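The structure under discussion is supplied below as C-alpha cells; questions concerning it will follow.
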C-alpha cells in the first residue's frame, strides 16, 4: 500500500540551539521508503542518527543563529501489514516472555502502570483472550475518554487521563499502554502519519505484544488502522517525541499530510466479534 | 579490588508465580566475577536472561507451588575502576552526544526531569564545569534531603522528593538523575552491593555521562565510591528493580553482605576542590 | 438511642508540644451528652475551644515536658436521628442553595472535586433523584474500592483513591465527598464512634446536603447507619482530624469502644428500592 | 484613601446557568463603599448573599436563556489600613491561637502545607521574628518563582509551584499560604483590585496571622501594598473565586480598572530592615 506523506515545520530560533526531529518514515522489513527528501531553508547541516534501542530515525540539526527556518519532509512509502487471527490466542506468561520486550512491561514517565494495577485488573482481568482484553480496554478508553483538543499538556500522563477522562491521541495511547502493562502485557507508543486523520497532524497510538507480535491499537478510532505510516516506537512520548528542543527555539507552525498513493484502499477497523489484529512489523 | 558479596532472599509463594531477580554481579570489562553460586531451596529451575538494552543479569524463575523458598547468591568479584580528572571538562553539547545515551536524557517513571527544568537550571545552571555541576547537585541533595527509612514507598518519585526532602538511597538517586537530565546531562540508575553500608542492603546511586564516560555519584554519601559491586544500570528503579514479582508472592526477608576480600583498601569520596570522578565502566 | 463510648490515647512527648484533640461527642439538638469525663494522666491542663465555623468540640492541651501521657475519654450519649423519605426529592439548584453550605461545594485538600467533574457526571449525572444519585455513587465506591488497612497514608486523596481503588474509611469518605461536589451536591466529612465497627477505631463517613438536610452516607458499609455518635463535621480530614499535633510527639496507642446502652436496637442500612435517608442533625 | 474601581465581565450563556460572582468591594470596618453600582445587560435578576464563614460579598444570578450578557460593576471605596511595627513580635504558639483562625492553619485544595513541612522548616524555620519569617519566604518566592502568564492552570497548586517555579499571582499567593501554614502560621487567600497593576486584572495575594492581626503580603511585588481594595478572603482560590460557574457558560472578556481617587498617594512596599507590616482589617 503506497502512501504519500509530508510534514512542514517552522521554527523560530532565538539562540544557538539543537533540534532533534523524529518525523522520517521508519525503514523496516514491512515498510519501504521508496522516495524521500528533507529540505531545510535556509540551509542547515543535519545528520541522521542510528537508534540502537528504539525503532526510529532521528535527525539532529544544529541551529547556530537567530532566524526562522522551514523544514520540509516528503516521502513515498510502501507499507505492508499482516492481519493475524487471535481467536485461539492465550496469554504469554512472563515466564516465557522474551527479555527484549521487558522495557515495555515496566512503568514509564507517562504510563504509570504500577498505579493502575487494581483498576486494570478489576475491569479487564477476567477476559481470557489477550487480544480481546486489549481490544476491550481500547474500546473502554474510546467510550469513556473525550477527545478534546487543548484539554491536556505535555505533562499529562495516563494517571491523569484515567480520571479526568479527556485528552488527545497521545493521552489515549498513554492510557492504553499503561492499562496493558498493568495487565502484564508489554505495550509501546507508536507515532505515525495517518490517512484520513482530520485535522491532519502527527498521530499517536500504541502496540501491544500479543502472541509474540506487536499488534496495533488505536483508542481514538479516528483513522483506519491500515492507513498508517510508522515513524517510531518507544516506551511513551518521552522517547518518541516528534521534536526534542534544546535551546531557545519555538515551533511556530506544523502542517502534515498523508494521502493514499494507490487505489482500492479498504479501511480496516477492529471488530470484537472477529478477533483479527493488524501488525506492521 | 576483590570483594565478597552475598544476598539471601526469602519468598512466600501463595499461587503459581514468576520471579525475576536482578541480584547478580554484572560481568563487564572492568568487573570480573571470579566465582559465583546461586542456590534455591527447595530446588526451582531458573534461567539467566540476556539483556539487549540494559546492563544487567536477570534471573527468571517459575514458582509453581505454594511454598517458602530461600534464594542464596554468593560471589567473589574483582572490580576495576578508573579515576578521571575532570578539571578541564566542558559540556558535551546535545549536538555531539552519542545517540545511544539519549534514553538517559529523557524523563522516566521516577525521574520527571521535564518538571524540574526551571529548578535545576536556576540552582545549578550557572556552573560551567559539568563534573562540578553534578557534584554540586549531589551535595545539594545530600544536605537538603533527610535519609529516613520508611519515609517513602514504591511510588515515590523525584518530583516528590525535591519537595518532601526525605527518602532512602533510591530516592536520592532518582532526584540526582532527574536534576542531571533537566540540565541536559544523561544520567542513569545504578544498583549494587556496597562495602561499609550499614545496615547492609542493596544500594542505589547514579551515573552521569560526562566527557563520554559514565561517572558514579552517590548523594547519600553512605559508602566509599570505590567499594561498590555493580549489579545493573537502567533509566530508574522501574528498569532495575532487584526483584520483579508476577503473581501472589511476598518477600519475607532480605540479607545482604559485601566484604573486602583484599587488604589496603583506601576509601574514595569526592572532593569539590579536586575534580576527580570515578568510573566503573 | 443511648450509646456508651470511650477512647484511650497514649502519647509520647519528646519536646514541649501542643495537642488538639477532636474526640468529644458533639453536643447538638439531636445528640445529648448525658455524662462525660476526660482524664489525662499525669495531669495536664486543657481547655475546650468553641468552634465558630465547624461543628466540633476541640480540646487543646499544652504538654510542657518529656513524658508519656494517657488520655481517657468516656461518655454516655443519647442520640436521635430522623429517617426522611426522599422518593420525591429533586435537585436543589445552586440558584436556591443556602450560601452557608457553599464551603462544602468547593474542592478541598483531600476532595479535589474539580478534577472529578467529568468522571462523576459521566457515571452518575443521569440519575435524577439526588438521594439515589448519592446512594448509587456510595454503592459504586463500596463495590470498586477495596477496604485495605495500611494501603494509604495521610496524604492520600480522593484523586488517588478513584484510580488506586484501595483505602480505609477516610479514603472512602473523601471519594464520596469529591464525587458529590463534582455533581454540585454539597458534601462534608463526618467523624464518629460507630457501634459494631470491628476492629474498633474512630470511624469516618460523609453527609450530603439533600433537600435542605444533611443526610448520612457510608461507602464502607461496615456499620449500621443508626449506631453512630457524631464527633465532628468538616470539609475533609484536614478540618476534622481526631488529633492535630504541634511539636515532637507521637501517638503510641489508640483504643476506642462504642456500645449500645439500651436494648431493641434495629440496625439500619440503605436500600436502593426504598429511598429513605438518615439525618443526625 | 479613595479608590475608583470597575470590572466588566462578558459571558456567553449556552444553557440555563447560575453564576456566582465575587467582584464587589468588601464592606468592612476599614473599607467603606461610598458608591457602587452593578448593571447587567440585558437585565437579569440577581441577589447578594450573606457570607457566614468567609469575608466576601457574593452575587448570584440565574441566567435562564442563551444569550450574551455584560456585567458592569463600579464603585468608589474609602480604604483604611494600619501600619504595624513587628520588631518585637514573637510567635503566637498554637496553644494561644484563637480557634477562629484554625481553618487557615490546615491544608486546603491548593495549599498542601502538609507536604511542605520539611521544606518550609528547613528554609525558614530558623528565623525567630514571625513577620521577618513571612517576609523572607515572600521574598524567596519572589526571587525564585517566575511570573509567567499562561504557565499554570486552574488545577495548579502550591505543591506544583514550589518545584516548577513559574506562575501567576494566584500561584504566588498559594505558595505563600502553604509555606506559612507549614510553619504553623495561619494564612489566607486575599483577592482585590490593585492600583498600578499592569496589565489590569483582579489581583491575588495573601494575609498571614501575626500578633493577632491579619497582615498583607504579596510575593509578586507587582503593586504597592497600600493601593488595594479588598474583595474577599478565603482558604485559597477554591473559596474565593472571582466567578463560580454552574452550567454551560463561558467568560468571553474581563476588563478591570483601579484608579486612585485622591492625591498624595505614597506607595508602600515592605523593607526587611524595618519590620513594619500593613493590615487592612
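Chains: A, B, C and D, in written order; residue numbering restarts at 1 for each.
What we mean here is this: a residue touches a chain if its C-beta (ideal position, glycine included) is under 8 Å from a C-beta of that chain, and two chains touch if they have at least 3 such contacts.
In this text, all values refer to a predicted model and were calculated from it rather than measured experimentally.
Think of each touching pair as a link: the shortest run of links from chain B to chain C has 2 of them. When the interfaces A-C and C-D are ranked by C-beta pairs in contact, the top one is C-D. Inter-chain centre distance (chain A to chain D, centres taken as mean C-alpha positions): 44 Å. A separation of 31 Å divides the Cα centre of chain C from that of chain D. Per-chain Cα centroids separate chain A from chain C by 46 Å. Within chain D, the positions touching two or more other chains are listed as 115. The full set of touching chain pairs reads A-B, A-C, B-D, C-D. For chain D in complex with chain B, the residues that touch the partner chain are 115-116, 118-119, 122, 144, 146, 159, 162-166. Residue ranges of chain C in contact with chain D, taken from their complex: 18, 20, 49-54, 58, 60, 62, 93-95, 99-100, 102-103, 106-109, 112, 114-115, 154-155, 184, 238-239, 244, 246.
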